[in-house]
Each structure stands twice: as C-alpha cells, then as structure tokens.
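Across the two complexes that follow, chain A remains constant while its partner is chain B and subsequently chain C.
Moving on to the complex of A and B:
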C-alpha cells in the first residue's frame, strides 16, 4: 500500500510533537540542571540550580555548645545523620525527580576530611544510581561563582573570608589567582576561637554573636595589627586577645562587648587594607565579599567606606549564599559542566588542601 | 557480633548485622575473618558484604574506593567486587589502627546502603 508523501510527513511531525511533549522539561527547553552537595565544615547543604536559577537550597548546621568547637568525627556523624533528608528536601522543594538532574556536583575540597568523605560518598552513590555525570568542585570557587551569579559583578576583586579560608582573589587568564591570604589561620577561625574563650553561644554562629555584642562595645582596646605586604596574620592577635580577655575581664577593665568591638575593628581593617592593595594592583573597580564572615555588616560597612573613597562598587550576598550552601557548589558545577568538565569516579577522591588557583577556569575568557 | 582473636588461629564468625534503618531492613550477612600472621606480625581483617544485585555491589565499590586512608602508614585496605559481593581486606600494624579504619569503613558502608535504599533502584544502563 502506498501512502501519499504528504500524509507520511504530517504523521511523522505529529509523532515527533507527541514525543517532544513527553520529554522532561529540561530536555525540551535545553536547560541544564545541576545538584550540588556541600559539607566541608559544620554546614551540610544540598542545592539545585537550573540555568542560573536557584530552585532549592536547604541546609543544616552542626552547632556545638558554647566554649566548644566542632571536631571532624562528630561533624561527619552529624552530616551522615541528616544528608539523605536534606537531599530529599532539595528535590521536593525544587519539584524535581532524579531524571531531571543533568549533573551531580560535590565539594572535592578544601575542608575537613571526614565530613568531605561523607558527602562525597552520597554524591557518588546517587550519581551512579541516577546514571548522571559527577563533578568535583573547589569550595572556594563555589563561593566565587555564587557571588558572581547573585550580584552580577563583572570582574571584581574577591575577598573570601570564612572560618576556614581568608584569601583575596582576582580572575586573570583562566585562573582565580590568589593575591593575598592569611599566612596562618583564617579570620573566621580567629573570631570563632575567641568566642570560645568568652563562652559565647555558637547558635546561629559564633561570628554572628560576636557581631551583635560588638555593637554594644564602647571602649577600643589596642590590639596587634598584622598586615604583611599583601598577606595577613591572625594567630598573633588571637593569642594576644585570649590573654587580654583573661586579664582585663577579671579586673573589669573592659567588658566582653568592648573586646568583640576591638577585635572586629582590627581584623576587618586588616582585610580592607589587603583588599585595597589587590585592587590597586589589578586596577579593579569592584569588590565582592564572599564566605561566612562576609555576612558581617560591620565588615561590609568598612569595605564600603574604602570603596567609596576609590570610586569602586561593593557587592555582597545575604546569609543564605554567604554561608556554605549546596547551591553554590551546584552553580560552580553548572559552569564547569557546561564548559565540558566531568570527574571520573576513580578521580573523585576528596582532598583537605585544594588551592583556588589549581582549577583551570575554562568557563571565563 | 564481631571480635578479635589474635592468637594466630583462623577464626570465622558469621554475623547478622542490620545496616539499614528502613522498616524493610535487610540484614546483611558478614563473614569476618581475623588472623595474626606470625611471620609478618601484621593483623589482617576480611569483610564480605553481599548486595541484592551485582550492579549495587559495583556502585558501592565505586563510592567507597576513591578516598585514600586518612592515616598515611600502618594500614592498607583493598576493596574488590565478585558477583554481588563486595570484599574488603585490611592489613594493619596495630589493633587500634585497624579498629579505627574498620569502624570508619562500616559507617561509610552503612551510608551507602541507606542511600541505595532511599534513592535506588539503579536506573537501567
């Protein structure tokens, strides 16, 4: 039997139309959906991004009693106990199923070993269960890419400040280059450890509580100011203020609020100085603050003063993106995946040390 | 459950160990062998974990093998899959190092199994 050619063509088009309608949304509209897993410190988050849109970003924080920090084993145990729940929440809030995901991204490093392994194991397992490619992401780059996405800063000098990292970064020729950094501990680590000394609550975070107390401080205590060229050092200030806290609080020379205030003023001024130095080197007119310490409004205020003097613009994000979260890993993963990166399972080992400039940034010119 | 005997004899214990929290808990049979090899003075520990399918055993292997042991020396760990059984072999210089590694591995194994339970079965390849 010979059907007329027009009928065959029309019939094929009809079949194609039906088939296209039945495809998941991402295939139909050529969108890329990436899920990101983050758990390098005491926050465990899973986030989903579709072409620059944050579809979900649930997170849990492991909070220790006042005076105590978080240890790797206990942190990993916390993450193990909640990660599958958070993963399901991320899918439910985004209204997506496994087949809608195009890529599974996770934090390869840097960070604490045990929590990183916990999260990587789940990421590897779901990537295999769902038959999706895996992508190991640098945590610092996650912060940078999220900051860029949310603020739309074009080419900023980035100040990345958190409990684990303190770096001044600028993009140049396919790398996020570190212009200045801490030579010992991170600024957030200095603040967190000071909070332990004066037994401030860790809920929601020690840094937040220091910030609130600092607002009530009135007396400025002179603390050692340690900027070394492009870099900074915080361990000296920490030992000094720990010592000063014991002496001055027992003799009531000052209040804990005064110490919080003085510490913030000193360390933030140091950060503003090294950021300004990097801006001068790069001729940059934009500053982007990322990382947990970036939530601090006093730091933003001080940086804003410097930027205004230089005629530069300041960009910062709110706590849902400043503080470690899954969506930032998904966003960096999205950029990497769309420019062709993939991580083989045998190469998906985590690493506690992972320099920001180790990654080739192929998604930018 | 599982315990050590380091008198140079080969002890084999069959144990049933629940590694999943879900109501349809599958009890995993683990055969653990511990021996002290006198000539090497090393402790050895073997673990065999059966999975419901070859595919899931392979997934577990790929999820659990990439990360290196946190401790640099004094312990080695080898993972392998035959059919639908994952087998793990440790050699260690000291019992406490062995205990830490095995304990840590069992936590991770448990996590893999919970993930397989919650987000499986695997898609057809």
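Moving on to the complex of A and C:
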C-alpha cells in the first residue's frame, strides 16, 4: 500500500477543495456573521452583524394607551405575535439564509421575565434548527459594545440610561465595572411613570413626548435633587413630582410643559454629575451615552457642555442604536463568539437580574 | 451666553493669583496664600450644563454643608482640614493645605503594585474603619467616601498613621443608620471598583468599624439591606 507522495498530496488538495466549496460563504471568506435577538422590555428586535457591519436591524415596539405601562404577560404576547415576521425581515434585508449565520445570540438578561423567555425560546429553536451555536448575552453589555462599534470611542466612561437601567460604567481589568448607579428606580422608569400621571402618549415613547413638551416649558419648579456619592436616587423626585402635578396643575400654578422641563433639568443634571464624578475618579476623557434615554437631545446637550468644560469628548448614537435593538445583541455576541464563548443549551436560561460586572470581558485587554 | 459672561467677570482676584492644582467634578482646587499661610482654595464654580436656579441652590447648599461637617468632625477630634474662611458670594472655601500627603487611592495602588508589606495595608484598613466609626458616631455622613477623599500624611509610621478626611462636599448631618449604611455602601462600591481584589481588605475595614463604633450593628445591618437593594430593582413600575 505504497502510494506515491505526489498522488497523496494531489488527493488531499482535491478533498480540501471540495470541502471548502461546501462551507458557508462566511467561513470561506473568513467572516463571522451573528444574529441577535432582543426583547427584554417592550421593544422586540432582531439584528444581523457581519464583522462590525450592521446588515439589518428591524424592530417593533409594544405601545400601550396613555396612562398605562406595559406588563410582562401582555408584552410577551406582543413579542410572540411579531417575532417571526421580524426575524424574516432581518434575514431578507441582510440578503442571507440560515446557513450563512455562524452564531445565534440572544438576551440572557436583565429584563422582564416573560418577554425574555419568549425571545429565548425562539433563539434556542432557531439555533437547533439551523445547527448553530447559541450565545446568551448581557443586555447592558449589548448597549456598550454597540456604542463602541458605532462611535469608535476608545475607552469611555459609559452612561447607560434606559427605562430599566441607570448605571455609570467604566472598563477595568476584564470587567465593565459599575461606578455609580441608581439605588432605586431607573431614570427612564421615573420619566415613564411621570408621563402616565399626566397622561402623555406612549407613542413613539413617553420619554420622547416628555422631551418635546419640555422644550415648551418656561417655569422652573424646584424639585428634590438626590446624588449620593456616585449613586443617584429617583423615587423621591418621582413621588414629589406626582404630588406636585396634582396640586399645581389643578390650581394652574404651572403647565405640564413646565413640569416636564423641570423634571428633565433636574434628573439630567444628576446624571451628568455622577458621570463627571466617575470621569474625575478614573481620569477619563471620553463619555459614551447608551440606552433609550440617551436619545434625549437635552441630555446630550448638557453632557456636551460638561465635556467641553473638561476638554473631554462626548459620543452618542442615534435612536436606532440607543433604543433596545437586535443588532446590539448580535454585536456583543460577535465579540464573545470570536473570543471563544458559546452557551450550551442547558445553560441557555434567562434571568431578570444580571449585573453588568458579572461578565468576564475576554475580548478586550 | 449671558450667564457665563457674568460669571467670568466675577472671578475673585485671589483666584487669579493662586495656582490651580486640580479640577474635580465638584470644584476647582487652587493652592494660594491667605494671611501668610499656604491654603487650598476650593471654588465651586457655576456648572453651565445646569439650569441656573438648580445650580445656585445646589452650590450654596453644598458649600454650607461642607463647612458645617468639617467643623463638626474637627470638634470631635477627627482629622480634617482647618477652615480659614468662606466666601459665600463666589462659593469659595479656604482650607488648610495638608502638605506631604498622598491619597489612600494612590497609596493602595502603589502598595499593590510593589506587593510589599501586606500588613501595612491591614493597618491602613483598621485606621480607616476606626476613623469612619468616629465620624458616624458624630452623626456626620460624608456622602462621597472614596479612596481619593482620604489622605495619608507621609512620614508617619504604622502606629502613628495620620489619616485625614477631605472633600465633604456631599456631606450632611444625620443620625439614621440607613444614611450611615449608604455612606459605607458608597465607599465599598468605590473601593472595590477602583482597587480590584481587595475584598478581604474591605472586610477588615468593616471589622475595625464595628469594633470602634458604639452603634455599628444597626448600621451594618442597613449596609446589608442596601447591598441587596441595588440588585432588586423591579423593571415593572
């Protein structure tokens, strides 16, 4: 059984060529494609990333009538009704098929239980159907990685503000460390609940409508200002303004626009302050704002003024990336996948509480 | 912008002659002279990103609280800078210059980097715990406890370690264990996020606090509660 050497070489090359032709396009061209599923709150999004390029990022929002918030069960129901449509849109817009995907990423947490479960089920099913590895991603890290990708900020102090989270984060020794955060409710939650009290529309989002009304406010109403070191507290200001709203609006002492204006000026000043503190502590010269509340132009303006005074740079993204979306999960998933992470099916549960600093960030030094 | 123009016009002369040493989040810190002594001048300058009314009320409140807290600490024998003078129109505080000192933050960082003498850091933890216990027993809540806000006067041996507390900008008076618990929580967070792998050192600090304070058990129970609270935020409001 002594085959000549050149025959063996030629034969192996032929086998290799056949095998390479059968590989998905991405492996052949050395690219990694990750699909991400996000639905931890009232937004359901599916996004596809290929080596830092956003190929598609469709999304739907569950909007409730004015005066009402969104509850877990109904939100999950909404997500169930649209997720497969959004998934198909994501694939179509990207011009890809199932076999082109290398990894299926989904939001492991934090967030609301029922919606998280709904999305995780679809991700698990799709991963098994397509025979692709799964990756459970931390929602907060999704925001951070998307912010870094879009803005190219090198090592910023991150202000992550949304309806469910308010944190000041800085990267250090393989962790996204939380320097400051809310000790009770998130700033977005405070704004959303205030919107309900004065029955502002939730379309497209309560925060957006508060922002528009605030532009017309003229009178500043004094509100409690609560910063404790690097942390903030919003439940006090919320109960105060809910009370003030009833009293002052019924006696026409001020308009709803004035209240929106005063609330924004106060809570945003608090956020800028704790961000500045963290920057001073870390010696940082860059700020990145992520999360739904990061869309607010007044917040961006105030942060910009603070940065200018310190000679620092401000980075922010637009509403397609600030607000929860699938591509941010795909991007964080891409980083994790490329550095060797994979989530076994048995580990692919979801959790409502998932600290940003629980994840070991192996893709940065 | 009118607000900033009028502000620039009123920069006091003593600041023009002083040398700025740092711009913190709260204020600019200068080194100057006052009645022949070397002083630190802390200027709470207007923050242009804030609405002017928010800014003025906040700045005045913080200047007053800071001075009151420092005086209260000093009266109880806790090391804090001497307050020489306060200018309430420009929100400037003239403080004693603590020379030949290094921040606890820098000290821990260099001690960890050189990996020498772990016992030395233990003694430091003991001292911090003891000092904070004294402060809380005086019902002074520092409000911004970080390792950048504690100074170690150099040249002092372990036994005579002199720890000076500074930056009482967010401080207030309160007897509530809840507030003291939050005060320690703020330090714990700042400590562990700035100095990784120092959990045991912080535990030692808390032990020293317990031993030195008369009202520590209630406070530590509150600290446990606050620690959990940060993790139990409900997404549904």
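Assume the second predicted complex is superposed on the first by the 341 of 365 C-alpha atoms of A that agree within 3 Å, B and C clash if a C-alpha of one lies under 4 Å from a C-alpha of the other, contacts with A are read in each partner's own complex, and residues count from 1 in each chain.
As a convention for this text, contacts are C-beta pairs under 8 Å (C-beta built on N, C-alpha and C of every residue); 3 or more make two chains touch, one makes a residue touch a chain.
Since this is a predicted model, take the numbers as computed values, not measurements.
Chain B and chain C, once both complexes are superposed via chain A, fit side by side.
Greater residue coverage of chain A by touch, when chain B is weighed against chain C, goes to C. Contacts of A:102 after superposition on the shared chain: neither chain B nor chain C is touched. Contacts of A:346 after superposition: chain B is touched, whereas chain C is not reached. Of the two partner chains placed around the shared chain by superposition, neither chain B nor chain C is touched by A:286.
Contact with chain C, but none with chain B, is seen for A:277 once the two complexes are overlaid on the shared chain. Seen from the C-alpha centre of chain A, the directions to the centres of chain B and chain C diverge by 120°, a value given as a multiple of 10 for the model superposed on chain A.
In the superposition on chain A, A:124 makes contact with chain B only, not with chain C.
Shared-chain residue A:335: touches no atom of chain B or chain C. Between chain B and chain C, the shortest distance over C-alpha atoms in the superposed arrangement works out to 14 Å. Shared contact residues of chain A, touching chain B in one structure and chain C in the other, are absent. Those residues of chain A whose C-beta lies close enough to touch chain B in the complex are 76-77, 80, 83-84, 87-88, 98-99, 113-114, 117-118, 120-122, 124-126, 128-131, 345-350. Listing the residues of chain B that touch chain A in their complex gives 59-60, 62-68, 70, 104, 107-108, 111-112, 114-116, 118-123, 125.
Chain A contributes residues 41, 69, 71-72, 110-112, 163-164, 170, 172-173, 175, 177-186, 189, 192-193, 220, 222, 225, 227-231, 265-266, 269, 272-273, 276-277, 279-281, 301-303, 305-306, 309-310, 352-353, 355 to its touches with chain C in the complex.
The residues of chain C lying in touch with chain A in their complex are 23-26, 47-51, 53-54, 57-58, 143-146, 148, 170, 182, 186, 189-190, 193-194, 196, 226, 229-233, 235-237.
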